[in-house]
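Worksheet: the structure to be examined is printed underneath.
Think of it as A, B, C and D in the order they're written, each chain with its own count starting at 1.
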Amino acid sequence: MSVTKRPKKSRYLIPIFGGMLLTFKILLKNLFSRKKMLTLNYPEEHYKYGPRFKGNHILTVKKDGSLRCTACMLCATNCPANCIRITADEHADPNVEKYPISYEIDILRCVFCGYCEEACPVDAIRMGPEWQTAALNGSNFVYDIKHLAHRENLKGGVQSVVDDKERHKAGI
Amino acid sequence: MKKMIKCTINNYPVEVEEGTTIIQAFKKLEQEIAHYCWHPGLSIAGVCRLCMVEIEGNNKLQIACNTVVQDGMVITNQSQKVKDTVRWGLEFHLINHPLDCPICDQAGECVLQEQYMKFGAYQPLMSEDKVKKRKVVDLGSKIVLDTERCILCARCTRFTDEISKTKELGIFNRGDRSEIGIFKNKPLENDYALNTVDICPVGALTSKKFRFQQRVWYLKKAPSVCTGCSTGCNIDVYYNEEGLWRIRPRHNSSINQYWMCDKGRETFKHVNPSGRLKSSFRHTAEQTEKMTTFQALQTLKLDSKKIGLVLTGSYTCEEYDAFLDFFQLHSIYHWKNNPKNFEDYDNFLIRGDKNPNTKGLLESINKRQLKLEDCTQLEQNISHLDLLIVCAPENHKLYPCLEEKINLFLKSKELVWISPHSHTLLQKPINTVWTIPSKTYFEKTGTFINHHGTRQKIKAVASIVDSARSLEEIIHILKTGQTDLTQIASIRDKMKTNYFMEQKGSL
Amino acid sequence: MFKLSPEGIEFVKKEMVRYETKLSAVIPCLYRVQDENEGWISPECVAYLSRLMDLGESEIYEVLTFYTMFNQKPVKPLHVQVCCNVSCAMQGSRKILEELKKQNNSNVTLSAVECLGSCDTAPVLQINREPYMEKVSLEQITKTLQERTSS
Amino acid sequence: MEHKLLTEHYNKDNYKSLEGYKQCGGYETLKLALNKQPKELVEMVKASGLRGRGGAGFPTGVKWSFLPDNNEPRYLLCNADEGEPGTFKDRMMMEKAPHQLIEGMIISAFAIQSHKSYIYIRGEYTDSISIIEQALKEAYKQGYLGKNILNSGFDHEMDIYVGAGAYICGEETGMISSLEGKKGQPKLKPPYPAVKGYLEKPTVVNNVETLAAVVPIVRDGAEKYKAIGTERSAGTKIFSVSGNVVKPGNYEVPLGYPLMDMINKLCGGLPPGRKLKACIPGGSSAPVLTAEECEKACLDYENLMDLGSMLGSGAIIVIDDSNSMVDILSVIMHFYHHESCGQCTPCREGTGWLDQIVKNILHGKGRLQDLDLIQNISQHMMGKTICALSDAAALPAISFVTKFKNEFIDYIQQNKISSDNLNQVV
């Protein structure tokens, strides 16, 4: 533990005025050149994050719009917050074999660690640029397939770059 | 007594019986050795070529599964030569094996995965196209086959040839076009078919019922004894917090070897919370009263009544003893699942007596020199009784005569129904009916005596229904008026020392 | 519904006691079935034979699929099997096969087979289960096939 | 010079009938043999130095003496499932001299005290099957087979069994499986067939030529037979010569005969204007010999072994310079891929893999590292399986790739497509 010697009482005034000076300097600067202002007028304005930002989850889709997810449950296994719930079922196409009939992420539990994305062997889950999870009381914070793969922002779903044919050729 | 011979395995000296194969000696020493086709319960096929060992003085590597240990043999599988061979052996296995572990239901308990992690090359050399074969082939109502994942170890075909002797499965075609299959209109439907799923080292054969239900790494396993019939096969129960998911056989050379029947694999469903009786009830014609088990037992008046007791073979020996010691009984009846085929036996594992502990029941009765009447006698005596206590079967499905018998029991003046499950008939009675939830084999500790008289102990794994009580605990509450369960544990410990000295197949 | 002729059934019965085990009769009986079923063995035939011989279907089916001389698909009346192994290939048998394929004769099923054991007289081919045609040339086999097709 | 011990009367037309055979002294040896002790005969064959003519070259007498000394029924099986590419001697022997084989088999059966024998003939040999069937009928009629043969008190039944097109049935345990009516998959050894073979009973499996050679051994005595050939490779052997020679065919020569003499003197040399490029001395599973190695080669077990090849079934395939070695290897690899029984993993997967790689090279899609890969795969297929089929596939692969490496590299680097007469890949 380090002990700092307290300054005398009268000396406090000097840094207070110093601080006030800085505050007013920035206030005046912002008043006259608003473009250089650092803060945003949220929620009218949004900050643009980099492409690697790990925000809300997206389930990628195949060309036909069906989920790429094979319900291997590696994401759920890796999830440290235990917020992913998947129910798998038999698919009619023997080459697909297994697919999720329900995929739920409890976004309030999620810690946005990105392990699910890391664990996924088929690039089926990604963390997208959206970061707003706020919603009104009574909203559903457990995201289902409809939300994760087909919400409006995604404009018909995100396709993965992995080629299905190549993947099947390799026997995956 | 067979002659013992000495050999050295990976620098450890070991003594084995004459005629032991090298792989058995490895297993005895708990030394790691890669293998797929060898299974202790089946004949030797020697086709996977992975259990290679180097024997001193022999230039050529030998397979451990078909080589018998000779006196003074010096065996190793740690040499570079062996390691190379095993690595290449795995490479050969994998060149046409699809890399769809994420989808494959075997992932997590796949021997191919495990051994690749241990012994594999990690540098795939195959750049050519894989041989494509049929996927998701229907083999009947129980099993699905994926011929691509199959590594042709022939365990399943050997099982149907040698153990079940039904010969449904065969390996068709030859070379790398070979595939396991059934003939068109003859599905794999024998009573032991699901054993092929257990012995399949990869995800080629999967059980329709368990497939895609759970990933195996979410499951824990607990040793237990099958309650499906009086054979008492040793089992592993796979469960997690959501409930029980499947049952697999556990090796016991004197009872079930490595196998169990498909019916026995279904005896976990009645344990799961859905459909269980979750608290005690007192049903009368007018009303239904819900209460805790403790309350129910406190309210139950037993004094100076003529009590009849109906017992089934699904409770442990300790429970029978406690029950029979406590009550002053007018008469005791034995409720059999199906008197007609009660003595049936298919000469392998399945018996007509669908109770795990009929022998235990008889033993407890005989020890006290009581008279055990058949349940059919109850019809005449029921009017003489004031109270009928029914220790009902744990798994109602195994009792085809259930409804008929319940109707009979309902004729009594007062009925106490002790079972993990209730029945709709019990809920609208003419007289008073008490339903008291009891524990299943998964929740209690005790002893079962199987058809051959082998004592086997089961151990409580988890509590599934909080209000459920074993018969022992019920007696304890009745005796002391307390719910203190630690006392029971001490009773149990005492019994342990008395009973389990010479038992086989203990847990 | 396939059925063996009475002589065929007689043959099967005889073969079943000819060898030490009943199972040994499978191969000769499959030959017989193939002969009576227009040169190929359908799964239906296997089911029939399994009933006749009281053996498991998959036991017979295993044998059927293992050996190449049993046809699992329908064949035309002339099943021409051209040896394409080393000695014959060196003498141009593959070219003959290729040319025959081009001719597209509707009465002929062509297949490439492994060594027929007549390498000194390469190229060799066998029609159905008849004696070999040795040192064949394209003209010769074309002529033979045409003749036999028309007759 | 040819040494006609077995094939002496093969040019006679009626030799295949019982009458014709008897005219040339047939079945005289049988009478001789039936007067001897069985043990004596085994010792005689052992002393003659006769080695298995099917491919492995295991001493026949030694094989016979492995039979356990008990009263169990035992079987003699004649391996006439001649499938090795390049081999056609057994077919000729069965068609020209069926009674020679039958006599040899009766003598051998008497020597090992077997009362039942089978001749396992491959299904394609329709001629041989009918000829042997006919010959068996004749032999039964004349009392050479059946109960109490020639009043010696010895009973013997002989039957034929027709295969259905699987190379692997030429392997002795594969043949036993096939004869049992199962898939022709080789069985695990030990136990060896001599202890537990056909129907788990002691069984001896011998090649057609081996069994036929028992006749001259018993007739002339072991010494005389041993004097032919070399020190360790005694006797004569029928070689099937095919490929690019003027007069292909079967030639019986004493073992140790120079390979070049065989090609040039007996077979009339190569077609005019062609040069010897390579030669496969023992059927497709034997490692190939280059032209230089052929000069040094003598046709006996040891000499070829020293050259890194083997005598095998005695099928000599002569390859001249018009052929592409890559193409020939691709044919051979296709053969083994097609014929692998699918039991052991290294063979099942390895043969298919090799086939694909060689095909890729042939079609100009090869990579330089493929050559190492072929060697690596082959190396790890050898000696790792139940039977020798994986060795048989691996040996030619290794020898072709090492001995004709430049040709393979040419294919890979220049995407050269195979020569004209072999360009049709099936």
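Assorted remarks:
The rule is simple: a contact is a pair of C-beta atoms (placed from the backbone, for glycine too) under 8 Å apart; a residue touches a chain by one contact, two chains touch by 3 or more.
Keep in mind the model is a prediction, meaning the values are calculated, not measured.
Shared contact partners of subunit A and subunit C comprise B. Here the chain-to-chain distance from subunit A to subunit B, counted in touching steps, is 1. Farthest chain from subunit A (centres taken as the mean of C-alpha atoms): D. Contact analysis places C-D first among chain pairs (by count of C-beta pairs in contact).
Taking each chain's centre as the mean of its C-alpha atoms, subunit B lies 50 Å from subunit C. Spacing of subunit C relative to subunit D, judged by their CA centroids, is 24 angstrom. One inter-chain figure worth recording: subunit A and subunit D are separated by 71 Å, centre to centre, where each centre is the mean of the chain's CA atoms. The multi-chain contact residues of subunit D, meaning those touching 2 or more other chains, are 166, 183, 338-339, 341. Taken residue by residue, subunit C touches two or more other chains at 59, 62, 66, whereas all remaining positions touch fewer. Shown for subunit B are the residues that touch two or more other chains, namely 129, 171, 173-174.
The touch graph of these protein chains has some other shape, matching none of line, ring, star or complete. All chain pairs in contact, by the document's touch criterion: A-B, B-C, B-D, C-D.
The residues of subunit B lying in touch with subunit D in their complex are 44-50, 52, 60-61, 66, 84-85, 88-89, 91-93, 95-96, 125-126, 128-129, 131, 151-152, 154, 171, 173-178.
If you check the complex, the residues on subunit C that touch subunit D are 18-28, 30-31, 59, 62-63, 66-70, 84-87, 89-90, 92, 94-95, 97-98, 112-122, 126, 129-132.
Across the interface of their complex, subunit C is touched by residues 167-174, 181-186 of subunit B.
Looking at the complex, you find that subunit B touches subunit A at residues 97-103, 105, 107, 129-130, 134-136, 148, 211-213, 215, 217-218. Those residues of subunit D whose C-beta lies close enough to touch subunit B in the complex are 166, 168, 183, 188, 190, 337-346, 348-353, 356-357, 360, 373, 376, 380, 383-386.
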